[in-house]
Amino acid sequence: MSGLEALALALMVPGTVFFVAGTVGMLRFPDAVSRLHALTKADGLGLVLIAAGAAVAAGSAGVALRLVLICVLVGLAGALGAHLIARLVRSGGEG
Amino acid sequence: MDAMIVFDLALALALVGLAWAVLATEDLFAAVVLFIVFGLMTALAWVRLAAPDVALAEAAIGAGVTGALLLTTLRRTAGAATPEVTPPAVSWGVGALSLAVTAGLGAAFLGAPSQGPGLEGAIAGNLAASGVEHPVTAVLLNYRAYDTLMEVVVLFAAVVAVWSVAQAPEAETPAPGPVYAGFARLALPAAAVVGAYLLWAGATMPGGAFQGGAVLGALGILALLARSYVPAPEHRAMARAAFIAGTAVFALVALAVGFGPRVAFEYPPALAKPLILLIEAVVTLSIAATLAALFFGREPEPLSVEARP
Amino acid sequence: MSPAFALSLTVLMTVLLACILGGLLRVLRGPTRADRMLAAQLFGTTATAVLILMALATGDRSLIDVALAFAVLAAVTVVAFVATSGRGAP
Amino acid sequence: MSPDLIYGLAGLGVFGIGLFRALTLAAPLRRVLALKLCAVGASFLLIVAAYREPPGAADAVPHALVITGIVVMVSAMAVALALIHRIAVLEREGGHD
């Protein structure tokens, strides 16, 4: 395994751990708002770490650019989704 | 033995399990969410089967349009009466019949030669004359362009059908709020860029009119949800032009190249690339407009006029 | 690509898939619609991560575009959900 | 065991479940979902037929057919959902009379 590949793994393994933690939190936390809390961690950090690892391993500017775009878009969508769902839960309209 | 086999087996089992759960779970909302997840898993399976074009189309349509359509229908039909259940005797009979059909299909599938030579040789041999470098785009826009024209016609027919059975407007849902408006300002241009990029990419790699159109259609849905765009009666003519443009341009090009020694759809090789790009660009816009209109679900009408007395 | 790296990617992909499959319990259990929908949003992100890993493992750049399509449409379903379940629903 | 066999069998399973449920379920929205699952199962068989072991490139014709199918399916689904909406509204009105 080359140095770059080891660095990529050093980023991607923690990323995957965040996804596992987020999923466990989503399963174990007691109510919707705390589950949101678990989920946004996985959304934010997990994907960014995995994308960073992929960018390191791919070593191409075009791929890295797309990965940055993916992270920004998913980050925005995650923040928006968490906000909207939390607002809905608070207003008691989630039925 | 490839380690990916574990992934494949888990994904295949998940697909079957999800299909069962979608139709067996009691809560209709849970069924819709499971169905959306089934779409995600399908896209992953298609990547595993070396079909990135199909995965892209499924991702764009499944993540964008299907979920939004189903959720809107759930709201609109909330509280509808549940029809009576099928009697057990009928269920057993139908079950046996479905099993027989599936077994027949399975026998055909397992008996068919796998890895057998298909049409890939013929596709590769004529790719130079097709005007594009990506085989799937060549099939869609050149070799089997007639099918694709019919597909655009089907989309048009769908919008006609939806408009003709449309119901009076619902009670307006509250707009999603200032945070969403801010998100829309960032996401709508980004989605427009990604849609255009997918259209452009289609000439050389997976992408093309449907994938680009589906992303742009989802953009339309986001704009409708944010009220960044409110369909008004005076937009009807524009909307109709957008729905018909794809079919019209496609058919006109197909017929126009048919004069002289050629038959319809037989593009002159020198002009094939610009013609395909022209068709794809217009078809992309048509698909986007049609998908957004299918989500909106009715003809725009003035708010002051009551649809029903 | 070294065999060890390829195997590591496969393991990571399988772990992420296992996350999705485990998370399905939340969709089945609910109890509220918000719970089910937030699980679906997490699956969308996880599937995007799987696609990035697949792109790396196969060397097929176009898979990044599939991930990009997921990313750009990540918000559509949840926004449609919130828009259709506000108060005033029939 | 290769991916094409695994996903081919999964496609068959999804097709069978969809077919059975489309014919037996009573709720119209579920019947639409069942038909869509049935169609996805059939698409799997097409994509599997196009699959070639890694060095070979997949056959593009079934891929194009399935892409066409996805767009046609979403159109058909939109029409079916509009009809379901209409039925629900008419039933609601009928109940009020």
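Labels A, B, C and D are assigned to the chains in the order they are written; within every chain, residues are numbered from 1.
Rule of thumb we're sticking to: contacts are C-beta pairs under 8 Å (C-beta built on N, C-alpha and C of every residue); 3 or more make two chains touch, one makes a residue touch a chain.
Nothing here was measured: the structure is a model prediction, and the numbers come from that model.
Engineer: Across the interfaces A-B and A-C, which one involves more C-beta pairs in contact?
Structural biologist: Between A-B and A-C, the larger count of C-beta pairs in contact belongs to A-C.
Engineer: So how far apart, in whole Å, are chain B and chain C when each is placed at the average of its C-alpha atoms?
Structural biologist: Comparing mean C-alpha positions, chain C is 19 Å from chain B.
Engineer: Measure off the straight-line distance from the CA centroid of chain A to the CA centroid of chain B, and report it in whole Å.
Structural biologist: Chain centroid spacing, chain A to chain B, equals 27 Å.
Engineer: Measure off the straight-line distance from the CA centroid of chain A to the CA centroid of chain C, and report it in whole Å.
Structural biologist: 10
Engineer: Two or more other chains in contact with one residue: find those residues in chain D.
Structural biologist: none
Engineer: So which bits of chain C are touching at least two other chains?
Structural biologist: In chain C, 20, 33, 37, 39, 61, 65, 68, 72, 74-75, 79, 82, 85-87, 89 touch at least two other chains.
Engineer: Which positions in chain A touch two or more other chains at once?
Structural biologist: 69, 73, 76-77, 80, 84, 87 - these are the residues of chain A that touch more than one other chain.
Engineer: Taking all chains into account, which pairs touch?
Structural biologist: Going through each pair of chains, those in contact are A-B, A-C, B-C, B-D.
Engineer: Chain A touches which residues of chain B in the complex?
Structural biologist: These residues of chain B touch chain A: 176-177, 179-180, 183, 186-187, 190, 194.
Engineer: Spell out the residues on chain A that touch chain B in their complex, using ranges where they run on.
Structural biologist: 69, 73, 76-77, 80, 83-84, 87
Engineer: Hey, which residues of chain A end up touching chain C in the complex?
Structural biologist: 1-2, 5, 8-9, 12-13, 15-16, 19-20, 22-23, 26-27, 32, 35-36, 39, 42-43, 46-47, 50-51, 54, 57-58, 62-63, 66-67, 69-71, 73-74, 76-78, 80-82, 84-85, 87-89, 91-95
Engineer: Help me check something: in the complex, which residues belonging to chain B touch chain C?
Structural biologist: 3-4, 6-7, 10-11, 14, 18, 21, 25, 27, 29-30, 33-34, 36-37, 40-41, 43-44, 47-48, 52, 55-56, 59-60, 63-64, 67-68, 71-72, 74-75, 78-79, 171, 173-174, 176, 180, 183, 187, 190-191, 194, 197-198, 201, 205-207, 211, 215, 218, 221-222, 225-226
Engineer: Provide the residue numbers of chain B that touch chain D in the complex, in ascending order.
Structural biologist: Those residues of chain B that touch chain D are 4-5, 8-9, 11-13, 15-16, 19-20, 22-23, 28, 31-32, 35, 38, 42, 45-46, 48-51, 53-54, 57-58, 61, 65-66, 69-70, 72-74, 76-77, 79-86, 90-91, 94-95, 97-99, 101-102, 105-106, 109, 112, 114-115, 118-120, 123-124, 135-136, 138-140, 143-144, 147-148, 151, 154-155, 157-158, 161-162, 165-168, 210, 214, 287, 290-291, 294-295, 297.
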